[in-house]
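Letters are used for the chains, namely A, B and C, taken in the order the chains are written, and counting of residues starts over at 1 for each.
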Amino acid sequence: MTLESVIFSVLAASAVGSALLVVTRRNPVMSALYLIVNFFCLAGLYLTLHAQFIAIIQILVYAGAIMVLFVFVIMLLNLGDERKLSDGVSWKKIVAAGFCAALLMEFVYILIYSEPSPAVMSASMATEIGTVEYIGSQLFTKFLFPFEITSLILTAAIVGAIVLAKRKLD
Amino acid sequence: MIPFWIILLKIVVVLGVLMTAAALVTFLERRISAFIQNRIGPNRVGPQGLFQIMADLVKLVMKEDIVPTAANKTVHDIAPMISISIALCTFAVIPFGNTIELFGYQVKLIIADVNIGILFILAMTSMGVYGVSLAGWSSNNKYSLLGGLRSSAQLISYELAMGLSIIGVLMVAESLRLDQIVMHQTRYLVGWLPAWNLFVQPLGFVIFFVAAFAETNRLPFDLPEAEPELVGGYHTEYSGMKFGLFMFAEYANMITSSALITTLFLGGWHIPFSENWGVSPLVMSLLQVLAFCVKVSIVVFFFIMVRWTIPRFRYDQLMNLGWKVLLPLSIANVLGTGLAILLISS
Amino acid sequence: MIEQYYPIFVMIAGGVVFGVLMGKVNEFLGPSRPTEEKSSTYESGMEPIKTARERFSIKFYMVAMLFIIFDIEVVFLYPWAVSYKQLGIQGFVTMFVFIAVLLVGYIYVWRKGALEWD
């Protein structure tokens, strides 16, 4: 086993572990913290795929911006005290468990029976493809239209944020 | 290929120097503030009171760790750890010198020269919000909560201006590697003016400088711990070394910010006109490290001077400055730089 | 490529270890004599009135939302800035349109008074 695969295994295991902790913690703030740990593990996994820019954006945007909002909301909703939220078995839970099982079977099926896809690009290119320079040269030439559309989506998000909060602001 | 033990050695040296410097700056701040306010300041322990740092450390370590019963113990413990871990690891991508011949290897004086460079620092700084906001929330104290909230909102607001103000620098240097950015500043403009980004990007420099003050919670932006209204702000309920860690993180952040300002705008380790001095490469490398330290010290000194000279902002003024002044200004800076580059290249 | 990041991993690990050690040091070296008075919440010497688990102004929430949106805008600017000299005039126009659209949103936010703190 090479050092790289050891690192992959450690990161993957801690990603799964922290994800489990997110859903099992009673205290929502602790869940949010484990989600941040999970994002760091994901960023590490992106690094093993040579996607350096995506890795750092994962931390900068998800862990550094979106999770801040999550933490704020948890504080705003005043969910501070750890109450026991479980309420026994209900039909909703049974249906959800059924769906989860079906999804799991699907993943297992894909994992076992699918052929690995042929490498689309050479190994030398793979090291370069995750750099900022490469993304810049592609995003603003080849994928120009989707990029410009993003600005419209972001503007829509701004308007949405204002409309949501406006009643409270006045 | 440089063996890993050399990299480990670099890490140990950098962390050691960073911690020592942070401790030293706490002492310097007390002496300089005393000088500015016409007091004497700590001068009893050791020569010029220099061992005061040791005395303070021992005192903090031997204190009782008081956690209020109403607080959330786990999060209360974690918050200062987040702050200090982040403050210590941001230095990883800052070049503190060019290359040096060490044990027969050409060693680059930077811990990790990676493609994303500066983004690593921004990402790590954005994590700093959690230390502050969780400390405020977990203490279950009104002063702490308000301090933590104010501080979080301030940090994220100025992070935008900070991120935007360096875009101009990146456009000029065409890289996110801090090493490359310094290299780009080793040229000369009209034959004699060093091409420091201070002269190339003056507006970006001012915005970054202001944002750096806000990001390190220093006066005039230290609203989170505005003593008259909020007692101690987010660390009101902290004692002992956990309180010490917040202080320590603040000073470590201040040094890292100064190092970043030096690297981005003041030419990093470069000494102007030193190319024709004709000294040996080894002496040159050492001089460059020295130059880096001197530049950082000057910026740190400026940080301290400002704190004891300028009064505090009001919260609405602070948010207005961030969102209504710095943000549009930095966007204008990006577009202006873009136009200038087009004009020069055509 | 990832081997360039090993030093950063070591650095982060070092920071975390130092943080945990120092955060716990008082539990080993310091005394532990809690009294009811000592571990009550500090409120300038008064009896604490209710807890601090109160709801707070929606403005903080608003700032966090706007921050996410503008942060994503800034993220797009990094790859653009790095390859700007290659993109030339076309790159300038591209980003001008992008920023102009977002500027409309920014002006909307300003006019709606979401940036006011009173």
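One rule holds in what follows: contacts are C-beta pairs under 8 Å (C-beta built on N, C-alpha and C of every residue); 3 or more make two chains touch, one makes a residue touch a chain.
Fair warning: this is a prediction, and the values are worked out from it, not measured in the lab.
With centres computed from Cα atoms alone, the innermost chain of the structure is C. Looking at which of A-C and B-C shares more C-beta pairs in contact, the answer is the pair B-C.
Distance from the chain A centre to the chain B centre is 29 Å, each centre being the mean of its Cα atoms. For this pair, chain B with chain C, the centres built from the Cα atoms lie 15 Å apart. In chain B, 114-115, 119-120, 140, 145, 149, 152, 156, 175-176 are the positions where the chain touches two or more neighbouring chains simultaneously. In chain C, the residues that touch at least two other chains are 5, 51, 53-54, 56, 59-60, 64, 67, 71, 78, 81-83, 91, 99, 106. With touch defined as above, residues shared between interfaces to two or more other chains in chain A number as follows: 52-53, 57, 60, 64-65, 68, 72, 75, 80, 132-133.
Interface residues of chain B, counted against chain A in their complex, comprise 72, 74-75, 78, 114-116, 119-120, 122-124, 126-127, 129-130, 133-134, 137-138, 140, 145, 149, 152, 156, 175-176. Only residues 4, 7-8, 10-11, 15, 61-71, 77, 80-89, 91-93, 111-115, 119-120, 139-145, 149, 152-153, 156-157, 159-160, 163-164, 167-168, 170-171, 174-176, 231, 236-237, 239-242, 244-245, 315-316, 319-320, 323-324, 327-328, 331, 334-335, 338-339, 341-342, 345 of chain B touch chain C when the two sit together in their complex. Within the complex formed with chain A, the chain C residues making contact are 1-3, 5, 9, 51, 53-56, 58-62, 64-69, 71-73, 75-76, 78-83, 86-87, 90-91, 94, 97-99, 101-102, 104-106, 108-109, 112-114.
Interface of chain A with chain C (complex): residues 3-4, 7, 44, 47-48, 50, 52-53, 57, 60-61, 64-66, 68-69, 72-73, 75-76, 78, 80-81, 127, 130, 132-133, 135-137, 139-141, 144, 147-148, 150-152, 154-155, 157-159, 161-162, 165-166, 168-169.
Within the complex formed with chain B, the residues of chain C that make contact are 4-8, 10-12, 14-16, 18-20, 22-27, 29-34, 38-44, 48, 51-54, 56, 59-60, 63-64, 67, 70-71, 74, 77-78, 81-85, 88-89, 91-92, 95-96, 99, 103, 106, 110, 115-118.
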